[in-house]
Amino acid sequence: MNTTLSAILLLSVPGYPLLLAFPALRSRSPWPCHIALLPAVILLAVPAAFSVDLPWLLFGSGLAVGERSRWLLAMAVVLWAAAATLLRAPANQPESNHLTTFFLLTLAGSLGAILATDLVGFFTFSTLMGYGFYGLLVNGGEMAAQRAGRVYLALLILADLALFEALLIVAAVTDDLSFGAAHQAVAPSASLNLYLSMVLIGFALKAGIWPLHFWLLPAFRSARPAAALLLGGVPIATGLLGAVRWLPLGEISSPGLGLALQWLGVGAMLHAIVAGRMQGQLKMLPAYAAIFATGLFITALGAGLADSAAGSRYGDLAHLFIVSLGFGLAVLTVGIGWLAARSPDAIAPAKRAGDPAPWFERWPGAAVRWGAQMGSDTLPRLRGSWLAAAGRLWQIRAWQSALDGGERSLQRWAFAITLLLLLGVAVAFIGALS
Amino acid sequence: MIPAVLYALVGMGLFALGLFALIVHTHLLRKILAINVMASGVFLVLVALAARTRGAAPDPVPHAMVITGIVVAVSATALALALMLRVSAETGRAELPEEPLE
Amino acid sequence: MSWDTGMPLLVLASSLLPGLVIFFLPEERVVTRTTLNLAGATLKLALVGVMIWGVLYGHHYETRLPILPGLDLVLRADPLSILFVALSSILWLVTTVYAIGYLEGSPNRSRFFGFFSLCVTATVGVALAGNLITFLLFYELLTLVTYPLIVHRGTEVARRAGRTYLFYTIAGGTLLLLGTVWLYTLAGSLDFTARGFLSGLDGAHHTALVIIFVLLIGGLGVKAALIPLHGWLPQAMVAPAPVSALLHAVAVVKAGAFGIMRVVYDVYGIQFAATLGVTLPLAIVAAVTIIYGSMRALFQDDLKRRLAFSTVSQVAYIVLGIAIVGPVATIGGLVHLVHQGVMKITLFFCAGNLAETLGIHKVSEMNGVGRRMPWTMAAFTIGTFGMIGAPPLAGFISKWYLGVGALDGGQGWVVFILAGSSLLNAGYFLPILYAAWFKAPPDSWPAERSFGRRETAWALLAPPVVTALLTLAAGLLASAPFSPLQWAHFITTLEYAL
Amino acid sequence: MPWLHWGVIAIVLPLAGAMSCFLWPRRAIPLGLVTALGIVACVAGLGWQLVEQGAQRYVVGGWGAPLGIDLYADGLSLLMLMATAAVGLGVSIYSIGYFNREKARYFWPLWMFLWAALNALFLSADIFNLYVTLELLGLAAVALVALAGGAEALTGAMRYLLVSLLGSLFYLLGVALLYHSSGSVDIAILAARVESSPAVWAAVGLISAGLLLKTALFPLHFWLPSTHASAPAPVSALLSALVVKASFYILLRLWLEIFPPTSAVLGQLLALLGAAAVLWGGLQALRQTRLKMLIAYSTVAQLGYLFLAFPLASITGWTGALYMLLSHAVAKTAIFMAVGNILYFGGHDRIADLDRVVQRLPLTVTAFALAGASIMGLPPSGGFIAKWLLLEAAIRSGQWWWGGILILGGLLSAAWVFKVVGYAFTRSRAPHESRAVPVGMEWSALAMSMVAILLGLFASWPLALMEIGLPFGGKGAE
């Protein structure tokens, strides 16, 4: 296969869904969500490693498919195809039209992230995926879904900020932002620890790893079937993939951080078991399974960070782990959905919509209100009062009468001529003196 | 020399007197007269100062100036009087308002 | 006079002459007026294209006109001015199309378009100014010709807004004048020179130079809306939408920011400014403005007011990029000059569309508007994400260079300012998007006008869509030749003698 | 010596014009216009001559000083003549539409007479001749003010006449003393002979006081606002632009040539009064509710600027003051014309009731705004150049506080200009009757304001003309 053709194919994997996301461009095609997957399917069918360099894109970017990403791509294609099928259920409504758009945007982001070969490219696609998925969660949903979306969005922004900082750290030491070069550049740099923590926080937020899993539970609780099916394979999997791609595994040994991560992972697994037991809702089972699995992942990641030899081996395994995680969660979700359809009693009703906002939503709200009181309202008020004072000063009668009286007295003959004489005398006197 | 200085001092006195009258009087005719008195004072000063050196013939230049000045003063007085008549016809009083009309 | 010396004059004339002719056109000569407007805008764009090519190939475009002994009026096209000229001429074309659609059927259009053209002329003059006095001239001219645009509607509110605007800008211009004269008496020259012309001055003058810097920045900061000199900007949004768009994106605030660039790079020279110790305070002022503007935007319900405070914050990014010493941050500041313009003009176009088509002026009225006007809101969405700095849009590129430049220049704290500002940007923009796309639309809009099957008039829809695409392209194709980023690189190599 | 003819013609021609307008009142307008064009041509010829040959002195009739009349022309007088020609031409064209037939009969002869007096004043080479021309100027100006008729204008004219005579008498007394102490009235001879003595200082005091009264420097401006506001618009323009400047010209001339060099304290005193005028006039202007009153007070403020150059005592400072004078003359003419149009149009000049005049008289408002830009010193305008030069001189001489006064004054003028322009955009509560303004009046106002702007763009030419004969190169350059 020649390079042009492969480049077009690679580009069209994320590009075609993006194009179809414009409602005008898909109005004629009957199965837009499925058709959008076609380039990816073709790419899977051709068993060769492709890559394309896009020096004009952003700061110079690229796409590639290799041995590891092929598995991830396969997982994604299967999950997306299934979700697309589930999505078709509601008939032609404006909501469903929007939904299709968000679906395709998310799809493009998710596939692009898998193929990206550099930090900025990955960042871009995962951001696209994130915002698209937010739309998928929220669109036409209930109160609970909207709250879940809101939480997800807030965390997404925080995560992007953290990752942006990480990117800046890399960019400060190297101009080449492809994964390999970045790893090599950042490994010996002084701000390695900052970089590692930013990356870990960012992707932990994106993947909903305990204890930063705020968005995970509400999302699982309220997502519609198609979105629920994708939860494991798309946001979580992309988050985990990001951690694997961005961390310089195999280049560094950081035992302290590794140990901390391992403890965190164990904690996550314990939390999943205990909290899952106490919750006792069948619908929430995939959520706790996800927390458990990501905990396991973090434990292994910790081991990989602690020792560079383990790290390089772990890199390969991690991809497979992500693939199976995505599949597993999807199967679990579908299975429970099927159970629920058979016997609705088996699933306890979700919490009612009117429940109070969770703490992580209340506190920032209060902080913002406080900020409004302190920071932004006082200054204009101050200025307003100052202006009012100035206005009053201008209106004071003393000024007015001084100006009026001064002018009136200047208009009098006697006064004016006296002044004139004085002036003449003063000039003569001053001159004669000097 | 002595008479010349005397004339000059008298001229100065006339000037001051006219100035005083100009300030004090409100009637326009009096003001115009005051201006004329002042002018006469200045002319007197000019004529007096023409005798610059004792015994020598007086300098003719100030005299020429005085003649010119008188011409100017006459025409100015004529204009002033005409204007005064118009003012009194228009306002009924031959006085200037202390403050400008609003 | 050869082509090279006449070129800057031609560029000015391409908007000046149509403007002057338009003043005398009767109100009902719509076609002539439109043709003149568009022809002028297109011609200017073509001329600027020629100048870009020429500057790359070493042509020296310069017009000189003596005004005072030893002082000339200089119009010169250097790479920095080309950046600003290109921005203003592209956006002028787009805004002209928009204004034609926006003002269709409203009174006093000849006056409006006349001043509109003069406004662009003044902006281009600001861009092409080759020394401080020429800059001052066009800077003040800009104040004068924007005033009729702000009070265009002739209401009491507009008159007050115009008064506030003038109060600020005239005072600012005065400071600028004072600083310029003082500088002239010290240095004896005012010509913009890459890397500045003051570093050779006697050390005894350094205190005076610091005071002059404060005067100059104070004067320019009024238009660039640095706090506490920003008070006019939110009030000036009573102007018609195309005017707000032009004011916020191209003309007024940009003239201020561009002037700060000139002063820091081409009068003082960034290294010399750093030696004087004036860059850090400037950076702090910019940082405070960034955060303060965003905070205020957070609590505005009026859409245009929210956008106005967002401008306060975003223009300070440019200043921040200037104030950080180092080539990367400079690139960030330069490129944001263009990027902010393209993004903010998109947002104002969209706000105008909402007001004009549905009568929506407030954020709280925007529920579900995405379904009624999907194209407009799609453009708006791109604009807001660009502002937040989401990849791969234009704002991301700017923020990227500012962040890397800050680390590069040893100003790590700036990164936190950027992060905080992104957060606040998201805080005041995303709720709008949420309401527009996900909330249910009301039964009826405040004042709906029907345009048949289209969501609004063509002339209103095309400009925001085009500028939204430009926002996308400026980010995606940042590494392509002739992108704003590449041009900023080009300028930076000159300013730092790399 | 061919140039002489130009100078003499520039004086004789308007006199002849005045006579012919008086004799053939029906043809007054064409006669006046032809004369105006002729004078402009004369001044241009004189300018060309001066550029070619430098400063010139001419002995009228062949009798030299002290008895004969000498004329002297250098850059300073040339600039004043040119300002007069420019303003005069504009006002001539403007007044075609402004005055009805009855008024035109009186206006044209008087105006030509005034012009002759101005030209003669600027060309005079001795201080007594200056007195005569000053008196002629005053009488013509008073008659022109009275032309408006009505109590307000007549009392204004009367007051003006008395003030003018008073000022002239002070001046004449000073001349007498000067003559006594040095035996000549010729400026050049006086410059060589004058020494610092009590008599000379008494003369300086009297002359300064008289001229300051005529120039209406604060606090002696009491007569100016009512007079300028009550006169017909073209006359107000002439008074503000030229007549008050004539006495300033004499002061400047005498200061540069004759006054003893140790007058630094006096310079500070004058600048102090000037600064007070700038602030007081600006504040009073801002408080006015009537347009013409406002403009008149602005003249008070602008005259203050001229005196700021005295303590600076540098070529840049003098050039700045002279440029200020020139651009103010042109700009104020344009403003008075614009205000005249507004008055003609709406029949009133209440600022708050301008009632969207910007839509109905766009050219007039443009003229007002452009001229206003020059008055407040925004670039590109003559006012800006003047302000720049004065600021530069102030900073160079280390007396930056005078620069601060300039800046404050500019802000105050900006405040009143935009107060007016702002109301021109809004609608007033009650509708007003209006009548159409002749096209010529609108265009001449616009043309004058364009000249004010062009003075900023092509400043190097007038500045080069000022150099002829180095009027500031003497004592002032120290």
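Each chain gets a letter, A, B, C and D, in the order it is written, and its residues are counted from 1.
Criterion: a contact is a pair of C-beta atoms (placed from the backbone, for glycine too) under 8 Å apart; a residue touches a chain by one contact, two chains touch by 3 or more.
Quick caveat, the model's predicted, so the values are computed rather than measured.
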One chain's C-alpha mean falls closest to the whole-protein C-alpha mean, and that chain is C
Farthest chain relative to chain A (centres taken as mean CA coordinates):
B
Centre distance in Å when chain C and chain D are each reduced to the mean of their C-alpha atoms
42
Distance between chain centroids, defined by C-alpha means - chain B, chain C (Å):
67
So the centre of each chain is just the mean of its C-alpha atoms; given that, what is the distance between chain A and chain D in Å?
70
For chain A and chain C, let me know how many angstrom lie between their CA-based centres, rounded off.
29
Per-residue overlap in chain D, given as positions that touch at least 2 other chains:
166, 226
Which positions in chain A are in touch with at least two other chains?
411-412, 417, 421
Any chance you could list the residues of chain B touching two or more other chains?
22, 96, 100
If each chain is a dot and touching chains are joined, what shape do you get: line, ring, star, complete or other?
other
Can you name every pair of chains that touch?
A-B, A-C, A-D, B-D, C-D
Per the touch rule above, chain C residues touching chain A in the complex are 228, 231, 292, 295-296, 298-299, 371, 374, 385, 388-392, 396-397, 399-400, 403-404, 407-408, 415, 419, 422-423, 426-427, 430, 434, 437-438, 475-480
Complex contacts: residues of chain D adjacent to chain A
166, 170, 196, 198, 200-202, 204-206, 208-210, 212-213, 219-223, 226, 260, 262-266, 269, 280, 283-284, 287
Okay, in this complex, where on chain A does chain B touch?
408, 411-414, 417-418, 421
Help me check something: in the complex, which residues belonging to chain B touch chain D?
15, 22, 28, 31-32, 35, 38-39, 42, 45-46, 49, 52, 59-62, 64-65, 68-69, 72, 75-76, 79-80, 83-84, 86-87, 90-91, 96-97, 100-101
What residues of chain A sit close enough to touch chain D in their complex?
403, 406-407, 410-412, 415-417, 419-421, 423-432, 434
